[in-house]
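Presented sequentially are two complexes of chain A, the first with chain B as partner and the second with chain C.
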Partner chain A sequence: MQISMREVKPMSKSDQTIAVVGLSGRFDAHEVPQVRQALMQATNRTKGHVVIDLGGVNFIDSSGLACLVQGMKYCREHGADQILCNLQQPVRIIFELTRLDRAFKIMVSVEEATTALAA
Partner chain B sequence: MAPIIDDTGAWLGELRVSGVKGDAALARLQADAALLASLTILEGEVESLADALAETEDQLLALCELNEPDSDRLDIDRLLYRLVKQAMRLVKADAAFVVLTTPLKVVCSPGLTIPEPYLIALFERVRRVGSELLLSSAEFSFSPTNGTGNLFVAPLPLRERREIVAVLGLWLNRPASDLSPDLKLARSITEQAGAQLEIALLHEQLVAQARLQTEMELARRVQLGLLPQRSPTIAGLDIYGALRPALQVGGDFFDYIAPSGVTSRPFTFVVGDVSGKGLSAALLMAMTRTNLRSSALHNIITPAAILAQANEHLYDDFTKVGMMATVCVCQYDPAKRLLTIANAGHSPVILRPNGRAARLLGADGPPIGVLPIPLWQDESIPFQRGDVLTVATDGLNEERNKKGELFGIDRLLHQVDLLSTASPKEIADGLLAAVAHFNSDDIQDDDQTVVVLKAC
Partner chain C sequence: MLIKALMDKDRLTHEDGEPAANTESTVEFIAPATFAAVRVIDSAVSNLLIRAGADEFNVYNVQLAAHEICTNIVRHAYAGRDDGTIAVLLRISHTPRLVIQIELRDQGRPFDSQSAAVPDFDQPQEGGYGLFLARALLDELHYRCDERGNLWQLLKRL
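What follows is the complex of A and B.
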């Protein structure tokens, strides 16, 4: 699995930085440790919101979902928010089947997510 | 009188006789004195040869002990202790030490006064340069054995590992110019010790693996032992459940909760899947199952309320370990022929009404352990003769074939349609067989659980 991380400074009143974590490939139990570390690093580094771009993820299993839930809880513990975006059809179906779409904030694109967080 | 003088000219004594005179007698006396001197010199040589022989025997014995195979060789602590002791004997070193990393172990001879952090720093230095070091006492701010000399530190070479994991250090109170044969011997000792250490490390690794495998096997037995051993007898209902375990312990479970003697309590069954694999999944599976059973047996009436209570009890624990569990709770009312279902993120749940196509029932809230608030609702479904409800786990639809294709929900729905006229056992076995056939060449990645209900 490929993991990328960048920081975005949206035009807004607050000068808070948003971390954008990009994931691609198969997201299963084997990938959980490195993704968990990346998500925690993203929250710790920016002390702010995290956007996870799942555009390159073609499969996610229950361990991957639990990892995203853990990331969301970690973010909230630090007074920040986490938004998922760019879900491909197979991944979107899994979120709908498990009704995790009711637990996560999910948006269409990174731009939409960063704009929402900056507002 | 004739002096007795050794080959270095040193005076050893003198030989005297009285009562004889003449040159011939003097010559004889001098010859006897020379003979005595030769004998004395030879005796000295024999003594030093005997000493050298005893020392060589001692070294050979140490060499034999170093190479002798016995069960102690597999104990890393004992192996390192022996290495220090025998290397000192063989090389006639004044002090010795061994540093091993992963696991970190430092073994020193009693006479060594170098602090442990310094020994570890020496190890790091050897690892960095990738070869042996010879350091004179002038390079130390302290004296390792309260004397002057040289410290030789060499790696123990392991064939299967490229990096250096252990070093042998020898302190020799001798000038560097005298050390050549000793260092040659020391190098051959490190070669030998490296081979032995490799076997001991491999043995330790195998023991740890076997221990873990035993624990996993125990966890697996506990997991399977918690499953219902037989199907319950419920009026108007035929029910069958099966769990096909993966190689690694997973978090699947199912349970039938039929309170005996309490007619007001409906028959309840649950199917769940704790995220992740291994002992942690098995442990949380047991906790979740017990919690659901306790709620269903004692004070909670509806499936949604059972899920809400389980979530309230388990949310913090799931949060601490970063896990969650999908759970489907179903109750059956035989009088009304009605199923009541609440589903915490569980999939697939398939309803196949008699004579109609199988369809997927979606979850009405996320898995337990995700949100601290309850979002589940009870859904009532008429369950008439010939209707089939199949609750499986994602181990079925996420099974892959060698091309990497998922078995998927559509194939499951199709199989349920094909098998719908069969008994619950035949439907469950048929679904598991279809999934196994789909992935005939590969290892099963995840637990596969199926519970089938059929109204009769």
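What follows is the complex of A and C.
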């Protein structure tokens, strides 16, 4: 799995930085340790919100879902928010089956997510 | 090499590439019970389905269902052991409807059905979705424990 991270400083009254974590490839039990570490680092580094771009993820399993739930809780514990975006259709269906589409904030694009967080 | 034995019986398609009617193909192998090796099992499932003409969503869903059971075997049946194996049998048939049967056998701890409650959908959980997903994505999912160990039987009619 490929993991990337960049920081975005939105044009807003808030000077809070947003971390954008990009994931691509298979997101399964084998990959969870490194993704968990990346999400924690993203929250710790920016002390702010995290956008997870799942556009390149072509397979997610229940361990990947659980890792994202952990990431969301970790963000909230640090007073921040986590938004998922760019879900491929087969991946979105798994979120819907588990009804986690109601628990996560899911948006179409990174731009939409960073704009929402900056508002 | 991860796979100890591989046997592929019978051709699945005619020479013109169309799925053959009333044919059956079986693949059997033994893989180490590790998260990395579960990917080999995933690939075997998806390759067999793609060759048989299954569509993208069915390939994804059956692969995920088998993946979840295998992951549970690694995580729970063999919890902490690194010497376990999963014996895999994949059988695909056109009768003429496409049907895939998957058998996964391990010698780990027996499955505890008490630990497999339906997830609480009102509270996002940090686990517990695997078996729920497998059940939701398959037509049949059976488990039994006998003198040869644990046996999971999965079936999907496509």
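What to note about this one:
As a working rule, the second predicted complex is superposed on the first by the 119 of 119 C-alpha atoms of A that agree within 3 Å, B and C clash if a C-alpha of one lies under 4 Å from a C-alpha of the other, contacts with A are read in each partner's own complex, and residues count from 1 in each chain.
Note that in this section a residue touches a chain if its C-beta (ideal position, glycine included) is under 8 Å from a C-beta of that chain, and two chains touch if they have at least 3 such contacts.
If you're wondering where the values come from, they're calculated on a predicted model, not measured in any experiment.
For the composite obtained by overlaying on chain A, chain B and chain C cannot both be accommodated without a clash.
Of the two partner chains, chain B is the only one touched by A:96; chain C is not.
Of the two partner chains placed by the overlay, chain B and chain C both lie in contact with A:69. In the overlay built on the shared chain, the residue A:30 is in contact with chain C alone; chain B does not reach it. When the shared chain is aligned, no partner comes close enough to touch A:17: not chain B, not chain C. After the shared chain A is superposed, the part of chain B among 27-35, 63-71, 135-143 or 441-449 that runs into chain C is 441-449, by C-alpha clashes. Across the superposed pair, chain B and chain C both touch chain A at residues 29, 59, 61-63, 65-66, 69-70, 73, 97-100, 103. The part of chain A that touches chain C in the complex is made up of residues 26, 28-30, 59, 61-63, 65-66, 69-70, 72-73, 90, 93-94, 97-100, 103-104. Against chain A, the residues of chain C that register as touching in their complex are 35-36, 38-39, 42, 56-57, 60, 63-64, 67-68, 71, 74-75, 119, 121, 124-130, 132-133, 136-137.
Within the complex, the chain B residues that touch chain A are 273, 275-277, 319, 322-324, 326, 343, 345-348, 360, 362-367, 369-371, 375, 394, 398, 406, 446. On the side of chain A, the complex with chain B involves touching residues 29, 32, 36, 59, 61-63, 65-67, 69-70, 73, 96-100, 102-103.
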